[in-house]
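Let me begin by presenting the structure, written as structure tokens, before commenting on it.
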Amino acid sequence: MMATIAASGATRSGDAHSGDVRLSQARNAIEIDNVAVTFGGSSRAVRAIDNVSLTVREGEFVSLIGHSGCGKSTLLRTIADIIAPTEGKVAIFGGTPAAARASRTFSMVFQQSVLMPWAKVIDNVRLPFEVGGANPKAGNFMDPHEALKLVELEGFEDALPSELSGGMRQRVSIARALVTRPKVLLMDEPFGALDELVRDTLNVELLRIWKQSGMTIVFVTHSLHEAVFLSQRVVVMSRRPSRIGGILEIDLPEERDLALKDAPELGHHVARLRDMLGAG
Amino acid sequence: MSVDRSIETAAPLPRIWSILPGPEVMRALGMAVLGLSLTLVLWQLVVTLFGVPSYLVPAPTDVAGALSRDLPLLVEAAVPTITEAFLGFLLGNTVALLVAVSFVYNKVIEEMFYPVAILVKTIPIVAIAPVLKIILGNGIEPKIVIAALICFFPTLVNSVRGFRAVNPQLLELMHVLSASKTEVFLRIRIYSALPYIFSALKISVTMCVLGAIVGEWIGANQGIGYLLLQSMFDFNAPRLFATILTASVIAITGFAIVSMLEKWVIRWDPGAAM
Amino acid sequence: QQKQVKLQLAWLFNGAAAGEIVALKKGFFAEKGLDVEILPGGPNSNTVQETLSGVAQIATAYAPEIMYAANQGLPIKTFGAAFQKAPLTFYSLGESNIKSVADWKGKRIGASQGATAQIKVVLDHNGMKLDDITFIQAQIPGLLQGQVDVVASWPTNVAQNVPIVQNPAGYNTQSIWDNGLQFQSNYYIARTDLIGSDSDMLVKFLEACDKGWAYAADHPEEAIDMVASMSSAIEKDKELASLKVIVSDFIYTDETREHGFANISKDRWNATLQTYAKIGEIKPELTADDVFDGSILAAAQRTKR
Amino acid sequence: MSVDRSIETAAPLPRIWSILPGPEVMRALGMAVLGLSLTLVLWQLVVTLFGVPSYLVPAPTDVAGALSRDLPLLVEAAVPTITEAFLGFLLGNTVALLVAVSFVYNKVIEEMFYPVAILVKTIPIVAIAPVLKIILGNGIEPKIVIAALICFFPTLVNSVRGFRAVNPQLLELMHVLSASKTEVFLRIRIYSALPYIFSALKISVTMCVLGAIVGEWIGANQGIGYLLLQSMFDFNAPRLFATILTASVIAITGFAIVSMLEKWVIRWDPGAAM
Amino acid sequence: MMATIAASGATRSGDAHSGDVRLSQARNAIEIDNVAVTFGGSSRAVRAIDNVSLTVREGEFVSLIGHSGCGKSTLLRTIADIIAPTEGKVAIFGGTPAAARASRTFSMVFQQSVLMPWAKVIDNVRLPFEVGGANPKAGNFMDPHEALKLVELEGFEDALPSELSGGMRQRVSIARALVTRPKVLLMDEPFGALDELVRDTLNVELLRIWKQSGMTIVFVTHSLHEAVFLSQRVVVMSRRPSRIGGILEIDLPEERDLALKDAPELGHHVARLRDMLGAG
């Protein structure tokens, strides 16, 4: 199956070991080597992902797409050192995910907004400043108010999470992830609860931040348009037990603006991804 | 089958929190008085209808007589007992919280010393009273320790539970932020545990009053416990019951204070996850 | 230079400790160079253990616990007995017509758990066994409510006995003293080594108590005022009645008239120990010397009245 | 500052729940034994080093002697006490749960009768012992009632709290489904309250043992409470402490049983909202 | 502002009182009359929606769109009788929302999946059968297994919610809403957490169910494409305090299939909505 996709046009094999000269010029930000994760549930054991290998270069913007329940969150959580892989291993800038975590190398935006219900919005955003020995590094961090402005939530600093709408909560999570100016940003459907206008704004904003900062971004989304619009590569995951079904190189210009969203080039890529998803 | 209207709490009415006696507090007070009055009426009825002799259970009217007659005595007795109970409350709960923290920090400590805590809890006070008197003397100290011993256990059990009843997603977040155990404690676990801890404080605030009373039974010439014994010895049932009522008023007041503190501290919905 | 001494009472401050309290308040202890502190007791207090462990140098205690302590070889001894007779008495209502211990057969006898041995001795004295009666842990309300036919009480606790004494059909009593169990009560106890090493202090203590009780006997109202000053919940009228009974029937008896205040005789202790040994409560080899040191009584100047 | 690794519980390891003694239970048992042994060693050290006299606190070796000598006696005494404690536990917790349910059904009832519950809680057992005896006789009943009275309150307080600590979104769902109060109770509140209730049961399982003992003090010629009084009376400190240890073993066993039940019943993460 | 939009092309005023003969042929399923909702939060009072009037005919498919935090969920919760409006009133088939609720006239899918964490998937879906006096009506209900099949979750009957991915949980909620075959379906971003393929499938499936059952659907979404694809009318809500900024009539053929998603007619409507959102 993977072979089918690798043979077709702009896609290439997801096997990171088949070194691609063009890609290996930058440092490797994330190396996923033959990772498998099995969950032992109450009823049965579920192999969520299997045999996944993927290399993300420094400064790259990679999206993960795949069917609901295929293992996208699981893969992201493995990178973030939340789940220990049952098999294989993950490296971030050559080190362990645990070390990367400790050094604030990455931030994570969870699929569901995870906020402290007892803390004001601003205190939720400020959290990464205040734990994990972050203070010494804080000079480099963003002003929490600025982060809230980025996600269009100025004026809600003192609200409690229970007073926010679903989308607003999600945006608080995003502000919290951005506030540390991480080298790697792991985002699990961060814009899922947002209307298209805010989403478009944040997409453009995210691209701007990405460019400016040279961040590496791994982005889970269920919007093919969004994946194509944002990414340099889109990784398509197959159904459970999930493997990498294929990778689509997005050969769109570096400079992207909203006009591109309705452009036929983008539509072409989206159609490709839809085919790949269907095949997966 | 009546439909649950408790959802009304989700209705967008402005909620005013205050620890100052607002209309809510006044209402609660009124209701408490009503409830206690109803109980008294029932008690009076039972005593009158069944002809319960007053040396066994006096009628509320007799107790009211004793209350008004002995008010200065009761107030005077309440002072040392409240002091002992309050200090015992502070001591017992502080120790319980610290032990709970150590349990949650380290599962091995918990598995090893939870049984020891139960053992300590099952030692009857009378069995160790002389030891307490030797170590702590004849003053207020042994009473405080007994009150503390009595209210230690509920807080321990509840806070161990509470510190663990954390939204796992928040733990994941803190993990990703490389938060230390202490930080997870201070920023997440304490808040998650607060509903449990306040529940425990409500239990122990009443227990510590009883603890102070029992503490006074190792030897005292003042306090509610002393008054209770003396009234029992004198077969002065009205005064005995008036004394019990005084102890209850202390306990109810403590309970009300803890409840108000709880309302004031827990302003988010403890069932909610965001 | 006053010598500091602590006295641990077996119960709260009340008329039963009037002599000691008077001695304190009137300065009789101070006159003897003693700075006495009186510690109240209570149901959770154990004066034998407290004396042994140094909470107090002197305590008041009851005969059974002293015998049990001696039985365990614990180093305390009595050196005086404020109450010449143990007051424990069994009360029944006139209706039930229980005139003597013999009438207890098949009846329900109520007392505290600790009184079981006393009941056994009394029964034994009357040729009965514990199986001949039903023992129930009960207090006076149990008698009044018909749960028991006989209940143990102290005639000194006047307030407690009011409902019995006022029973329209009258009441009957059998005291342990009249039924084969003649021990004393409110013994002064101290550690054996202290009796050896500081007999001077104990003698002075006993002399001051003697003076205190005599004063209390002569000025009962004033004595009760002093008790009440240390014990705010005392009901003076009831306590006054109690004190009068205590003084006339228990502090001063024929024996004190002859030998002086707080007298103890070896024979009485030996007899008591034998009754307890007979029913198997204590080892038979215990003698008066294991529970009693007569040197203090002998050395003290004691009122004979 | 060590980083919190408690997140490991989120790792995908198969968890085996079982109420049969599995390796987990054996481990917990071992740890408990270790913890108690350590305490005994410490106790022996203190007793030896400070020369604590054995009439006050006997050395563990003395207690061990008494334990082995008096084992049949202790076992025999344990039977009635366990029976009383168990029945009191059932009674007290059942009543507490029912009262808690009525409180949560009706805020007015709560406001009126919570103070009454505290009043009942503050009555010292000795003060109402004569009444209990007259109403309930001299058999096992007053002991059960005392054990029940003592463990009633923690369960009441915790379950009132627990029944209210519901995810508000689930309440909204049930509201939309027009669920009756009873249905909300049976399907949502009970589950939300279970962590609180189990916490309360852990408290009351130890309290009810103490309650049964205190109950035996107001009149019994068998049971742990009787043995305790008797040993105290006889100045038989080793036997006294052996008896206390027996009571502790009963309480610890009860606690362990409740803990296992808790693990078996609460299989979801009580901090989680889905 | 509303006037501007009402004047433009396919949109019309949201005021339900300006009776439109064409629309009033069917019964009115939902009548929202001058509704306002104010929240009293810990820091300040927030007027979430203001002066909203809207009529939804029986059998109609209406979508609500609007900026994150503008009050879409609030409006839906007002219809569902979860929030009592501070002003104005809501009627469902002429009766109160409470009565409609009691008679199982509507189902609601919440923005965040709301599942009982202690109950198996199948028991979560079965919940509406078992509460609210539903048993007598249950004859009309769907088989829970069938409902799970609809959302592609067969095989997960016995899993606990914690063993599901975010999208899978969302789908359980949808199955639970469908299982009672309600006359009115209120859906708050139901497909927000789903990948496009599953989303497409469920879109088509939802349209099929809607057609077949004659259901009335009020659908909150942040996807303009989805709104246009599914609805007969799209209601655009303005920024807070939210009013109805405009209503777009979707004059697309009744029969809609996936091909339409990429069709230019749809794109035209989406562009219109984007304009309206921008203006709001």
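Every chain is named by a letter (A, B, C, D and E) in the order it is written, and numbering of its residues begins at 1.
Throughout what follows, a residue touches a chain if its C-beta (ideal position, glycine included) is under 8 Å from a C-beta of that chain, and two chains touch if they have at least 3 such contacts.
What you see is a predicted model, and the numbers here were worked out from it, not measured in a lab.
With steps allowed only between chains in touch, the distance from subunit B over to subunit D comes to 1.
Between the chains B-D lie more C-beta contact pairs than between any other two chains. Subunit D and subunit E have Cα centroids separated by 50 Å.
Computed from the mean C-alpha positions, the centre of subunit A lies at a distance of 29 Å from the centre of subunit E.
In subunit A, the residues that reach two or more other chains under the touch definition are 39, 42, 82, 102, 112, 132-133, 160. Residue positions of subunit B with contacts to 2 or more other chains are 1, 3, 7, 10, 56, 126, 130-131, 134, 167, 169-170, 172, 174-175, 178-180, 183-184, 214, 267, 269, 272-273.
Counting only residues that touch two or more partner chains, subunit C has 43, 46, 49, 53, 141, 145. Interface residues of subunit E, counted against subunit A in their complex, comprise 39, 41-43, 46, 65-74, 111-112, 158-160, 163-168, 170-171, 189, 192-199, 222-224, 262, 267, 271, 274, 277-278. Of all the residues in subunit B, the ones that touch subunit A in their complex are 167, 169-170, 172-180, 183-184, 187-188, 191, 266-269, 272-274. Residue ranges of subunit D in contact with subunit B, taken from their complex: 1-4, 6-7, 9-10, 27-28, 31-32, 34-36, 38-39, 56-57, 108, 111-116, 118-119, 121-124, 126-127, 130-131, 134, 153-154, 157-158, 161, 164-172, 174-175, 178-184, 192, 195-196, 198-199, 202-203, 206, 209-210, 213-214, 228, 232, 240-241, 244-245, 247-248, 251-252, 255, 269-273.
Across the complex, subunit C is touched by residues 53, 55-56, 126, 130-131, 133-134, 138, 217-221, 226, 229-230, 232-236 of subunit D.
Within the complex formed with subunit B, the residues of subunit A that make contact are 77, 80-82, 101-102, 104, 106-108, 110, 112-118, 127-128, 130-134, 160-162, 169.
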